[in-house]
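Consider the two complexes below, in which chain A is the common component and chain B and chain C are the respective partners.
Right, the complex of A and B next:
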């Protein structure tokens, strides 16, 4: 029997794409429209640019320590104790992220689709899928991603083409009325919700070093373009007020599809698209947490931690996504700066220390 | 439905099945980490059952980030 050890660059591209879209496709337009108003689509392009910069930074770190995950790099750069402490900080970040995503999923399904189903049942059901994926490993997830990808693209194209007849170009006018500051602000805020650092755990598994880097970059770009198109369509079709005031503007957008009074009520397309990419995102987070804890404590195995962790995710979900007002408040006031630390500040610090260390070692 | 009861029952089943597996694995480190995570999860469930508001991790983050947010604004 052939045993596969790595993942192909193509599969890594799909995982990056799925992680970038993840939950963002549903909620991003609202946050962007709130700050950047008619220029939300430009702000989403700014967000894409910041994400590209992040990826470039991650690639630069990965080149300093080839074949190492973010958790191993922490120990190599900061030393054993500080490195482990830093890895635990990242593990906490991933834990909160997973819990919040699960809470978001439960809230969306119960508020928009299945109001009589207990939120806990929905969360547990999705978690079972993530548990199966965590037990099977990243290679199986990569293959599942490969199977899902054509459907994700197909469903997105159906969504896109069926929305085109409803576009009203006046909704994005005037352009840059308040200048670049709100646009840059909204773009920065939005870019903090694409947690591409998670992929630093899986980058060493990609066959072909440079191919993995390219896949990471292009995956982030492709995902960012999909998000930008969704934001643009939300503003063009729903207008600013509705985009800003909807909890899930992309869902409201999908509800408006009506081609010749025949092709309508197809919001299921968006839900399918979202659920597929959500599955990729939550599975990647789960796997990265397991890998992180294995590295930090030098464990022989990691699978026995799957079940206690999954229960912990549920508890975190119940205690993070308490209600929309609470979460919206945290997102607006705290989350961007918290994520900024983990996504840019710490990696940049790691890069600078790592770079000076390797230069000192070379000069010796 | 009492979801806490379901989760605690599940955790009890997990501790029995995984202990057998961990004994076979012969790794003290693995065993300690497993029981630490398991214990933490059990405590989290009990805290949630008691509806302790101190258990909200986003509030912890909010408190931790206050000095930085003040610095930015």
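Right, the complex of A and C next:
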């Protein structure tokens, strides 16, 4: 077997795309419709814009320390002890994220598709796939992503095209009824669910000068567009009230597909779309955490940690995702500010400190 | 290497033979519910479910014991799922709700409010949102589900397709899905409507297969106009012409028929082939909204029951004008009637205002129910007669004395 080192830019694009869509496609339309009402789709575009800003910030940091992962940068910027502490804070954030992701998946499948299957069975099965992926490493994941990508695009196109006949444009009028404030608010809120910072772990692995940065940017844009289209479709077809009141609006949307009384009840197939992106997201998180632990504790080998970690994930999943209402409440009230800290505030601080440090170094 | 190959072959074979589903439900363990009926009861809800008798349906000859293709189970419970569970004391199989085509609500229930029932229907993951909803006019939903129907083996399917066809060709019924209903209910500028269905004949006779053995079945299901809701409560019924008006205003008319009187007595009948309605709102100087309904109608003449000379362009034009007048007058009258009698905005005019003037809407939002009653609505219709059928002059024309 030939060992390839590094990921191709195209593969990195796909990983970014998958991470962006991940859970967001299922959960965000409801929150957006709640705050931005008829303008949920504009809010979703706002969130895309915020994501682009974040990506630009990440790229700027990456350029200060080329070839370093976020965990290495922490240590370079903040010094050894503080940097390690910061890395641990990020690792904790990733851990909670992985846990809620697993919980979300479990609740989604058990409440919409297989109510009699124990939620644990679904989560463990899914985790086994993630474990395999973690053992194989990022390069294999990148290739798997490449294999999945055409399917994701195909299924999304099926969803999009088969829903066009049901569109009712009246659902999105009036535009900007309450001005930009709720729209921006909702957009900001939803942009906190596309944890693109995870990719800072893998950015240095991308082959080719600056190609990874481009892939990161375009991946975020493509993912953001898919999210916006989903939000737009949810509102256009379900209306605001039902988008807001659905636990999983995107799934409710897939349920309404009916082309000529013939092409219908296909949500069971379209669910693949979400499961595939879920898989990319969870595997990326898994790998980034392994990498982080390895950096922080200077381990030689990371694979021994896979099993303890997966047990930890399951435990976190069972304890964070207590019930749908509890999680919805956390998402509405706590999560955005918590994620904001990790996605924007800390990276921005890192950037400023890093910038002044390199400037000082240069002037010496 | 050989070990690996053997292992992978083994794994692949086990993939084929050990696959399965945790919560699998085979068809022969399911009772597929085709229609649900819900009525009020002193102990909660009386639920009736029309269940497919699949063995009877599959075996046309032999094996059949001559029972009906469906069975209607009835039970009572504090909540709808409670009643459905209790049904299992009679039904030998698990009720499967994914294929419900029609949901019938009893009139009493509709008058008390349907939100509580619809909560269960929307919350249940098995039920989809694309079935049609009906109200059992002057009766109970259970009676509707107990009638054996001609043409269709399964009465629920008969109800389903008759809604489709009557909506398309008659335009005095409404095919309202749960999704539509909930949207109209939840929007502050609109009230929902539901189509009514009633028994034409006696309930007792309709229950047996003897009903369809006659050339003229003694009991039939009949669609009966639209029910007007104010919020989630049924407040009244519209007759056939007002029901058509509602569909015209909501732009749901595909084709229908009508008539208009001739200047010299008698009538001319026409078919509407296309009807396109747009609702608009203007603000007066004092920010009082004024609604307008614009209709574009294409009609064909289908019967002439008066001696007019139809061979003249002016005659067609005169007919067009008189049809327009009739539309303007009738629709205005019916809308006013709904406004004054029910105060329920089933035309979704509030949403029209909301879409066009969101700021003005804010001042009306909280008391739209009362404001709606005093809104003025103008109707402008434009009728174009396209075809006059296979003959030109009416057969009823006086013979010219040459």
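Basically, the second predicted complex is superposed on the first by the 362 of 364 C-alpha atoms of A that agree within 3 Å, B and C clash if a C-alpha of one lies under 4 Å from a C-alpha of the other, contacts with A are read in each partner's own complex, and residues count from 1 in each chain.
In the analysis below, contacts are C-beta pairs under 8 Å (C-beta built on N, C-alpha and C of every residue); 3 or more make two chains touch, one makes a residue touch a chain.
Predicted model only: the values in this text are computed from it and were never measured.
*Asks:* With everything superposed onto chain A, say whether chain B and chain C fit together or clash.
*Replies:* Aligned on chain A, chain B and chain C fit with no clash.
*Asks:* Where does A:320 make contact in the superposed view: on chain B (first), on chain C (second), on both, or on neither?
*Replies:* A:320: touches chain B, not chain C.
*Asks:* Can A:307 be said to touch chain B (first), chain C (second), both, or neither?
*Replies:* A:307 contacts chain B only, not chain C.
*Asks:* May I ask you to decide whether A:173 touches chain B, chain C, both, or neither, giving the answer as first, second, both or neither?
*Replies:* second
*Asks:* I'd like to know which partner A:333 touches here: chain B for first, chain C for second, both or neither.
*Replies:* After superposing on A, A:333 lies in contact with chain B but is clear of chain C.
*Asks:* Does chain A have more residues touched by chain B or by chain C?
*Replies:* B
*Asks:* Just to confirm the geometry: in the superposition, how small does the C-alpha gap between chain B and chain C get, in angstrom?
*Replies:* The answer for the closest chain B-chain C C-alpha pair is 14 Å.
*Asks:* Please write out, lowest number first, the residues of chain A touched by both chain B and chain C across the two complexes.
*Replies:* Common interface on chain A, chain B vs chain C: 118.
*Asks:* Once bound in the complex, which stretches of chain B touch chain A?
*Replies:* 1, 3, 7, 10-11, 14, 18, 21-22, 25, 27, 29-30, 33-34, 37-38, 40-41, 44-45, 48, 55-58, 61-62, 64-65, 68-69, 72
*Asks:* Under the stated contact criterion, what part of chain A meets chain C in this complex?
*Replies:* Checking each residue of chain A against chain C gives 111-118, 121, 170, 173-174, 177-178, 238-239, 241-242, 252, 255-256, 258, 264-265.
*Asks:* What does chain C use to touch chain A in their complex?
*Replies:* 21-23, 125, 128-130, 179, 182-183, 186-187, 351, 354-356, 358
*Asks:* In the complex of these two chains, what residues of chain A are touching chain B?
*Replies:* Going through chain A, the ones touching chain B are 95-96, 99-100, 118, 120, 293, 297-301, 304-305, 307-309, 311-312, 314-316, 318-320, 322, 326-327, 330, 333-335, 337-338, 341.
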